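Following are the structures in question.
You will see subunit A twice below: alongside subunit B first, and alongside subunit C after that.
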Partner chain A sequence: MKTPTIRAAVVALLLLPVAACAGSPQKGGSGPERDTLVWASSAAPNSLDIAHGFNNASTTIQLAVLDTMVTLDAKGTPAPALATSWTQPTPDSYEFTLRKAVTFTDGSPLTADDAAYSLSRHLDPAVASQAASYFTTVKKVEAVGTDRVRVTLTRPNTAFLSVAAIAWQVVPRKLAEAHPGDLGSPEVGTIGTGPFKVAKFSLTSGTVLERNESYWGPKPALRRVEIKAISDAETLRMAVRSGEVDATDGLNARDARKWTGLSGVTTSFYPGNNIAYLALAVGNGPLKDVHVRRAIAHAVDREALTTLMTGGHGTIARTVLPMPQMTALYGDNMPKFPDYSFDLAAAKAELAKSAYPDGFTMAVPYASGSDGATVMQAVAADLAKIGIRLTMEPSPGDKYMATLMDHRGLGVQYVNLSYGTPEPVEVLPDMISRAAAEPQGFNFSGYGSAELDARLDALAGATGQERQDQVTALLTEIGEQVPYVPLFHMDNGIALRDGFTATGLSVWNPNFFAVIRPAGK
Partner chain B sequence: MAVLSLVARRLAAALVLLGALSVITYGLLVASPGGPEQVLLGTRPSTPETRAAIRAEYHLDDPFPLRYAHWLGDAVHGDFGVSIYSREPVTDVIADRLPVTAGLAGYALLITFAVGVPVGLVAAMGRGGLLDQGITLGSLVLLAVPPFAMSILLLYGFAVALGWFPVFGAGDTFMERVTHLTLPAVALAAAQAAMVVRQMRAAALDLAGQDFLTFARARGLPRTRVWIGYALRNAALPVLTVGGLLLAANLTGALFVEQAFGLHGLGALLIAAVSQKDIPVVQALVLFGGAIVVAVNLLIDLAYLVVDPRVRHGAVAL
Partner chain C sequence: MRGVLAGLLGLAVLVALFGSHLAPHDPAAQDLALGVAGPSAAHWLGTDDLGRDVLSRLLAGAGSALLWPVLVAVGTTTLSTSLGLLAGYRLGWIDAIMMRTVDLAIAMPGMLVLIVLVGVLGGGYGWSVLAMAVLFTPGDIRVIRSLTLAQRELAYAEAARTLGLPPRRVMFRHLLPNLAPTVVSNALLSFVAALVSLAGLSFLGIGLPAGTPDWGLMVEENRDLLDLNPWASVAPVVLITLVATSATLLGDRLFDTLSKGGAR
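Now for the complex of A and B:
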């Protein structure tokens, strides 16, 4: 009597799922409709407007839906997009000629007024744009006639075109004006002129893009893109492995090994526009001494750290600029910068020249469970060998971030930042300007002076060889004074299931949905 | 009348409880380091003008009582504000995610009872036997496996190796929803069913020696009638209590399971909102969670009245 009851219960439990399973074919994978791509990101996009969603998951979708006035070519040089051409009447102004007969996906024609407003809105405090710091040199934006837009800057800025290529997304003025604070939210959505249009945008159930059949440019090979967010790295990997997801950019270089072994999945890596470094707070006790800072630079085993953190998909950093920026600026003629090889004897010799020949003890806060925790553990072990004892002080990620951005208790900090443009002026003010040494700025070393600020200002307007020389001089000074110890550059990667290919993927063209195509098409 | 006064007293107590909850939550969020600026500014350099605009818009420079009063004033009018992270009305954010979490919680509870009650009864019926020992051991093992480990095991086994179930997401149609939620519901229900098995077994054993059961058997009533009509009904009270608490817990705290199965439910939302200092969302979620616990407890008490006439006659004593 007992056994049948148990058996019935077990069978019922087993049948329930099987019965449920019968009606639903697996999605994605090997269906006949190969022009639909299921894409997964590791974070949900929060806004389809760069003013409020300047993060990878969000800009990936923005790039597919919204056009910018100019774009970057494979080398990182500004190239035409919605503007077919531009002139620079004076060093501090630009005049763009708008592409003709372009319409938004709601059918309304694109006007010069739309384009002008799309830039000037980033300067409006009511919009509180995350891209505002990109456009601090913009004084005035105006439509000239029906097809031209004139931008006047407060002073010459060679980076203007590059930052415009990232953040000057063109949206209808009517829509943007009506929604200063919530354009791009799931309720309001957005309208663009780009290769895709938004069919659905939900933070919960995902985003669906459909090809814009009246797109002015080359038609994308994908007809439909379904975008999901899977925050758990292992679940994401299993979703790709099972074929439910066709492609993702949610793979971390450090975990590349877990992905490269998956059958039916191709991974490709390309240099990311990022730089990981240690910031040494030059105002804090022993770190005031340049010999201490040089000793630290010599004592950190960057090669081991690079291997540990990038799993072979990254390179050792020699300067504080991201690798793609170095390549865009110098090409093959990279100058030689002061470098500190891993050399404990040299480290000890430097320390002997300082006021702390026997080392010292310093408290180091870090975010527990983060990449920073791993890096700081390794750095602490390296520095212990020359007598510098770091007392590790873990705290939760958000708490650490808040104290860091308040510039409280700065000492030796691990920082890893990503940038958008090929312009060194996007990075260097973050590193060595006095404005960025204030709370909410990114100059965690506190290194800076009026003279350096003047040189940064001069660099903003410099072009050609002059610009190259000025960057070289600044990087050399950073190398000699060591407010930062550059650590490594990490590659970006995407994983694609068989049946899809991606060609022409580069750091300056992360427009995944235009680049990915069904195999054979 | 007694029932009405019970309900009225409970609702009054609930209001006080929710008020206290909202003050404490708001206070803790304000006191913790950092603010919503990080979310609003992103990990990019910002301009002083933008930062000032944000501080003004969210009243970040006002003293705590004033900020709380702002929030409370809107909340009593049913306006819970706009999410700082997604810029959607908070009620929409929650309404968007509630079906996933409610579906998961309900499904898990269904499995918990469908498995837990009969298996517990079976164990009690065969007390001390091999089957009973097996069931006891099995439930101990299930209780010991944390839900996230169970999730990963299930994912590997049934979603990746066998391919019977999808790996992530919640599906769109009803059938898809059932398929998508089966593994998470099993992961969530495993430990809970084990708990109900233990509870049910203990309750049924308590009853086994009672005179009315012996008498019922002596009257020659069929075995099913004895166990279901007499034993099950009498064992229902403690099991109902546990069930209610499990439902409340599932609705508010299925975080690890939601995370592992890529479900965008309320648990995942709460964690994200806390780390983003998305105060309007956290406040609404905490109040919602409090309201669920109060409501479920009230429903359990009312269910007592239905199930047990003894309670019904002494209802005032509740």
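Now for the complex of A and C:
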């Protein structure tokens, strides 16, 4: 069971960081100045503890209430938060210096012991942390003196700081120890050092946050945030339109046209840390043949598909890494990877080289009513042009996910995942490790080998140019062997009613409530 | 009025039979570059998000939307009439077992059973049609049985028995024609219920594969396009409503007309 892995990716998927909204359009509110924000998410938060609520709705609140030891700056580089600085005495250890005079919202002082325990608890089976997979390389966490925390890893891990920026949320040891299994629940709640404190947390009637007047950092402009869940996209849009809701991140780029036309509402889209792709099960019949896989890659009109699925707020994917990760890794010096342009003649030529020159028929399960249904219809129409007939098999969403995660009946699958860090090592093991090719893993292609696993292990400890070269080599191999057909990257979006603005949001740190402010403040 | 209703249903049947040939475009042909668009000279009811012609899909989808409910209605009517006649005429242990079974079946939440059967257990669309026929049957059995109980005591039925006619002949040659008004109207009501229920299943995304031209599925697939091309989802709703209403009213009229014919 690799639930933590799933959770890590799904959570990351849902973290959907808000990218640079700097420069986003702002409309000045004409009404009275307001410092209470009504926020709606598309799902209800289930826990204020990342160990038990590692999902978008929950982490949105956690990030407002709980500080992490480090954070990520706009470029995705680890930056100080509760830790003012850190050193790396050896390749497999870090030593953090704690910010002084920080208190929890109950008035108790933050200690190094609190910080150390907040990380080590994720390794405790009694906690059963959903973030445990982020810290599998953590060997030991200890308070050193009153203001330092030492973390020893089992092996060098360049992604440690990035994942710590998401999941090393600091809570009082006393509270966390007393509630290993239900910290963050409505009954227990949580206490943090963040810019907000929890005034109310209910699974059914919503959450209310109030500004932490003793916050150590810049005080948020909002005094109060009321959070509700509206799961139906159209209902959410109507709620924003009517003014019942002031802001939301629950809009889909595909629906951009519906949102951008709303009077009194400003929508902003920004690159999301996500990747949509087709997974081709390399062990399944015709898909074993690399020429078939290349034929499929050539036959799918990704440009049209990107326009369809992103409403113009997305880009064609050239590799299996999310675009912000590519940008963080390569900057402007993006290497050229094997790419398969939409070319039916080339697709037919590739198919002619395979054992299936006349095509074949393959069953394709999909989740009814999902984006996947639309994508697979378009893909099926494209592949039919070269003789590959996909038989669509509808399934309820939950059942489809269960079947998919069990890796049953894998063939051609549409997958769209989002991640939380700028680290390729967060994504690549999902794609090509043999461990992830087992049930509950995300390697739906089944592509992998002992040699690739060794290269992934080496990548985890690589830095600088060596790291970049290793990622390039892996992406090149994926491009040549085509276990995946990258489709598109979809922008994330945020909608704000007039009267509120948001500046300084970062794809790597979606702390919405700290950066949304009443217009003019 | 009856002529109008019959005409509407007749038209629906013609479209169901020949809709694919009448469609101005290939109902499956996609034009992603065009995407969703409102009505135009080329596409009278616009297109859906995959750029498919809505009118063509409506015409081609009529067959799927109407054929399956007809099968349900035929299955339900055949089963319920046979079993209702049998229970009401033979009475005794046959009646007792059948009625307790009917009581049990009526207590079951039909739609939920269908969703579990088709959605969770993975039965195909054919299974949902078969299950629907079975699930719709108990109510009709009870109605037919109660009518049979009344008819079997009438003089013509008594005379038939006195003549020594076998029960099957009495039931199907003498009693059944006198139940015809109810049987016919029940059949039409079953058709309507199946039409709406199957559209509901399609709307829930259970049953027909995505992309199949089908009115219920079109409502589900295009409901997010209301702002961009409302016809893509409104038109199939209107057609489902029109056919269902016509069939219901026609059933009423036929019941009245056949009832006035008197018993034989």
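Keep this in mind: the second predicted complex is superposed on the first by the 488 of 521 C-alpha atoms of A that agree within 3 Å, B and C clash if a C-alpha of one lies under 4 Å from a C-alpha of the other, contacts with A are read in each partner's own complex, and residues count from 1 in each chain.
We take it that contacts are C-beta pairs under 8 Å (C-beta built on N, C-alpha and C of every residue); 3 or more make two chains touch, one makes a residue touch a chain.
On a predicted model such as this, the values are computed, not experimentally measured, just so you know.
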Practice task
Check the residue A:S47 against both partner chains and state whether it touches subunit B (first), subunit C (second), both, or neither.
Solution key: first
Exercise for the section: For A:I316, decide between first (touching subunit B), second (touching subunit C), both and neither. Expected result: neither
Handout entry: First (subunit B), second (subunit C), both or neither touched by A:V208
Key = neither
Problem - Touched partner set for A:L344, first subunit B, second subunit C, both or neither - result: neither
Exercise for the section: Could you look at A:E234 and tell me whether it touches subunit B, subunit C, both or neither (first, second, both, neither)? Expected result: both
Exercise for the section: Determine, under the contact definition given at the top, whether A:T374 touches first (subunit B), second (subunit C), both, or neither. Expected result: second
Practice task
Please work out whether A:V290 is in contact with subunit B alone, subunit C alone, both, or neither, and reply first, second, both or neither.
Solution key: neither
Practice task
Applying the touch criterion given at the start, work out whether A:K399 contacts subunit B, subunit C, both or neither, answering first, second, both or neither.
Solution key: both
Problem - Partner with the higher number of touched subunit A residues, subunit C or subunit B - result: B
Exercise for the section: Starting from the residues of subunit A touching subunit B, keep only those that also touch subunit C in the other complex, and list them. Expected result: 234, 399
Problem - For the subunit B and subunit A complex, residues of the former touching the latter - result: 32-35, 37-38, 40-47, 49-54, 57, 82, 85-89, 92-93, 96-97, 100, 111, 114-115, 118-119, 122, 125-126, 131, 152, 155-156, 158-160, 163-172, 175-176, 178-179, 182-183, 186, 223, 259-262, 264, 268, 275-277
Completion exercise
As the complex stands, subunit A meets subunit C at residues 233-234, 255, 257-258, 261, 301, 304-305, 307-308, 366, 368-369, 373-374, 376-378, 380-381, 391-396, 399
Problem - Touching residues (chain side subunit C, partner subunit A) in the complex - result: 28, 30, 32-33, 35, 49-50, 119-120, 122, 204-211, 220-221, 224, 226-228
Fill in the blank from the handout: Counting only contacts in the complex, subunit A reaches subunit B at residues 1-3, 5-6, 9, 12-13, 16-18, 20-21, 23-24, 26-27, 44, 46-47, 52, 54-55, 125-126, 128-133, 136, 181-182, 184-187, 202-206, 228-232, 234-236, 238-239, 241-242, 244-245, 397-399, 401-403, 405, 417, 429-430, 436, 440-442
